[in-house]
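There are two complexes below, and they share chain A, which is joined by chain B in the first and by chain C in the second.
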Partner chain A sequence: MNLAEINNVSKTFPPVKAVRGVSFSLGEGEVMGLLGANGAGKTTLIRMICSLIPPDSGTVWTAGRPGYMCQSFSLVEELSVHENIRYYGTLMGLSRNELARREEEITERLNLVQYRGTPVRALSSGYRQGLSFSVAVIADPKVLILDEPTSGLDAVARRKMWKMIHERASMGTGIIVSTHYLDEAYYCSSLSLLREGQLIARGTPKEVAPDEQSLLRYFR
Partner chain B sequence: MQGKFYMTGAVIWKEFRHIFRDRVSCLILFLMPVAILFILGYALSFEVRHLNIAVCNPLHSQRAESLFVRLDANNRVKVTGRIDTTADIDKAFARDNNRAVLVWGEKEIEIFVDGTSALLGDNVYNCVGAIVADFITDGMPPSVRKPAITTRFLYNPALKKEYMPIPGLVMMIFIIVSAIVFGTAVNREKIQGSYKLLRMTKLSPLELIAGKALPYFLISLVHVFAVWLSCLWFGIQIVGNLALFLSITALFSISCMSLGLMLAAWLDRPVDLLILSFILIFLPNMLLSGFLFPVSSITGFFGAVIHSFPGTAYMSVFRDVAYKGLGVYDAWPSIAVLFGNIVAGVLIALPGLNKRVALR
Partner chain C sequence: MISVRDIHKSFGKREVLKGVTFEMGRGETVALMGANGAGKSTLFDILSSLDPRFSGSAVVGGFDVRTQPMDVKGAVGYVPGRFSLYEDLSVKENLVFFAKAFGCNPDDIHSLSPYLWKSLEPFSDIRAGHLSGGMKQKLAICCAMVHNPSVLLLDEPTVGVDPVSRSDMWKEIAALRKTGVSVLVSTHYLDEAGKADRILFLHQGVMMLYDSPEGILRSYRHNLYSLPCESTRFPEVEAELSARRGVIDLYLYGDKVHVITDESFEPLPVTGRELTRIQPEMEDIFIETLSSRL
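So, the complex of A and B:
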């Protein structure tokens, strides 16, 4: 069953054609890597899927409101861990009881129980990234969109992030991850490669590029 | 040595490119001097021009009519209308931006001056008083008994200096808190990326703005209360309807927030926001609102621009409602300006917020 369907979507920021006639679908539990060089149209495509900007043509459909996590953590740095969870949970429409349950679950899973009252700005980037991810999935979205979630993280934190992504996918969530780390392409179950706003390849990592060297060819 | 010249040349070349390709830097570099020249050019003058006065001639004296003609012929004074009796003096001050009312009585010529601005009051007194004194000296035959000239300052009889700065200081506080601090808060939300998350919720942009603005509005209500306390502290009598005055102050706070929102929506960098808030909001409202310099007499296109500033409107409302005791009916032009600023600010901000989310 498809959780997202992107059909012939285009977007122009004159004079730049950012996205040109892109189509693909996202299945249950699929982790789709959205790859492309800088300016390939990844971020524009993601924002259209998130309904942050409307496409000029084509249609975007997602099963429910997608969860979203952007490069800059999106958390309110002046608020504590507890307050951030409550704030975003409320905005996503969670009830009071549900919020309490989710907060307990998130803080225990991220080992943040003792930091509940700590302002987010005082947390390490690994903790912040984990919290940001948890906030993005707080309302159990069927589709999750991650815009360069490992950008600026060290190797250990990146590995932890991918662990969280796979855990989420195993629960049936369809995930779109944009990244410019080539090695991360092989953590995904499928790849979509963009170049100059066009989808130039789509398939499993093995089908698209069996190794990093062959993947590099798409960026030349 | 030549190499260093080339290197320095490269830095100069890069800097010029940098300046001209950054629209906000261009705006700051080229708009600021022009804005300051215009603002200060208009503002830095204590001279009163186009001074509006109303006249009253209850005895239908021919000499009084001669004086009124002389007054109107003076290029600094304009006779805007007449009143039949001295009972209508308050009404005269409520219309046509009149600063003085001249009454030709049986034994004396009374000049009633709006004392709400001590500075302007002095100017009006000197200007009108001099014309009347000249008329008495050379415009009346020596055989006729010369009337005495009496000047009365209304709404601030003792010409207390505190009456003048309070409206301006209050305006300054609201410009800083409601416009600049609120604008910075919206800008911070955009930079942190949390605005994008908010846009993905069920809330509409207007509901988001309302939610963001409400705390600042509530804090500004504390400032509104502080305004009332400061009036008590400085011994300033609010003769008008207190509830109306405080409501209009709250409206002014919202109009300041809409200006801050407008800039924050279109600007990405906090430093740009602060500089342009200073140039486009703080400076014009401070210098062209009549707080520091008399500007009520500026007419024409620039007069219209100046009177569309929320600061100018609020200064006018403060004096009209709090000092003179006027009601909504008399103060409606200023209230309309405040509403207009709110609508314009939000309408300009909304596409900016959408566009900047798309680009950032």
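So, the complex of A and C:
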């Protein structure tokens, strides 16, 4: 069963044709890597799938509202751990009881219980990483969209992020993840390559490019 | 061009830099590596004379960062981790603004960084706020170079930058090296660190290593094996290897798994696939240093 269907979507920011007639579908437990040069249209496409901006033409369907984590970890820095969880949970329409249960579960799993009242900006980057991911999936979305979740992370933190991504996928969540790390292309179950707003390749990582070096040609 | 002696820096009770000492010569490129929170950005703020509250001394471009901050600012081009652009100005207007602020001729700006400018030029009239993250980074570097600085401080300049543009940025750095500009650049792309003359490895505020890439690669203390593995099969491979004697840690590495072992490890096939003994790359060094299992 498909969890997302993107059908011939286009978006222009005059004079730039950011996305041009892109179609694909996302299956259960699929981790789709979205790759392409800066300005290829990745973020525009992601923002349309999250219905943050409407496409000029074409249709976007997702199974429920997608969870979303943007490039700079979408936490509110001045708010505490508790307040961030409440804020995002309420936005996603969780009930009061459900929210309390979620908060307990998240803070225990991330060892954040003693930091509930701490402003997020005072937390180490490892904690922030775990928290922002947990907040993105707080309402158990069927579709999860991660826009460069590993940008600016060190080599060890990157692998922790991918562990969280794979755990989610094994629960059946369909995941779209953009990245500029070529090695991470091979942590995905499928790849979509964008160039100048168009989908130029789609397939398993090995079908699209047998190794990192050959993956580079899609960026030129 | 940079001379740093015993820098200590605390934020409240938390000591972020715990005695950092190093020298950097003219035309030298040094890559600053370290985990998130290791103290890299704090060091950049001190070297660019933005933060005088530290103990120890730092001389940059021949000037003391505490007593001659204005001279330091003239000698240094600094690209902080967070964008330093005027989002409401166009690409060109940003460049002209920075050129004028430093008293330079705005007409010379295109010649300063030809590799970067090549990809920015089509966006000349677009507002900086509308650029993608990678394009903003390129523009920030061009802006930091308008006054021909002798020292360039780049705090994670390639975050969010695509692989081909990253390689362009390093061509730019190589070109600068030839003109005698000294570059201190932090990065999480460890293939990039290998292109520097020397690597400074910072861990929890302490200098762990300061050596050439070759020297650092030789510092690997264990044996390293590789086997082909799709990420979906990693849990299976991890379960089998974790039960073996001599396995210290293992992790995904592109389309492979890398296994850190000690001498007692026997390289028998895993889930039917052969293990190959390999030489570590920079990323393996980093992971070995930070591995919690060591």
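Assume the second predicted complex is superposed on the first by the 220 of 220 C-alpha atoms of A that agree within 3 Å, B and C clash if a C-alpha of one lies under 4 Å from a C-alpha of the other, contacts with A are read in each partner's own complex, and residues count from 1 in each chain.
Basically, a contact is a pair of C-beta atoms (placed from the backbone, for glycine too) under 8 Å apart; a residue touches a chain by one contact, two chains touch by 3 or more.
Given the structure is predicted, the values throughout are model-derived calculations rather than measurements.
> Which of the two partners, first being chain B and second being chain C, lies in contact with A:17: first, second, both, or neither?
Neither chain B nor chain C is touched by A:17.
> Just to be sure I read the superposition right, which of the two partners does A:37 touch: chain B = first, chain C = second, or both, or neither?
second
> May I ask you to decide whether A:82 touches chain B, chain C, both, or neither, giving the answer as first, second, both or neither?
After superposition on chain A, A:82 lies in contact with neither partner.
> Does the superposition put A:195 against chain B (first), chain C (second), both, or neither?
In the superposition, A:195 touches no partner, neither chain B nor chain C.
> Which holds for A:47: it touches chain B only (first), chain C only (second), both, or neither?
After superposing on A, A:47 lies in contact with chain B but is clear of chain C.
> With both complexes superposed on chain A, which partner does A:70 reach: first (chain B), second (chain C), both or neither?
Once the two structures are laid over each other on A, A:70 reaches chain B alone.
> Does the superposition put A:116 against chain B (first), chain C (second), both, or neither?
It touches nothing on chain B or chain C.
> Touch check for A:156: first (chain B), second (chain C), both, or neither?
After superposition on chain A, A:156 lies in contact with chain C alone.
> Identify which of chain B and chain C touches the larger number of residues of chain A.
Higher number of touched chain A residues: C.
> Where on chain A do chain B and chain C both make contact?
Of chain A, residues 13, 71 contact chain B in one complex and chain C in the other.
> Quick check on the complex: what are the chain B residues that touch chain A?
Contacts found on chain B: 191-194, 196-203, 354, 357-359.
> Taking the complex as given, what residues does chain A use to touch chain B?
Contacts found on chain A: 13, 47, 50-53, 65-66, 68, 70-77, 88, 91-93, 135.
> In the complex, go through chain A and note every residue touching chain C.
13, 36-40, 43, 71, 124-126, 148, 151-159, 162, 166, 180-183, 185-189, 205-206, 211-212, 216, 219-220
> Which residues of chain C touch chain A in their complex?
Going through chain C, the ones touching chain A are 34-37, 81, 130, 132-135, 156, 159-166, 188-190, 230-232, 234, 251-255, 283, 286-287, 290-291.
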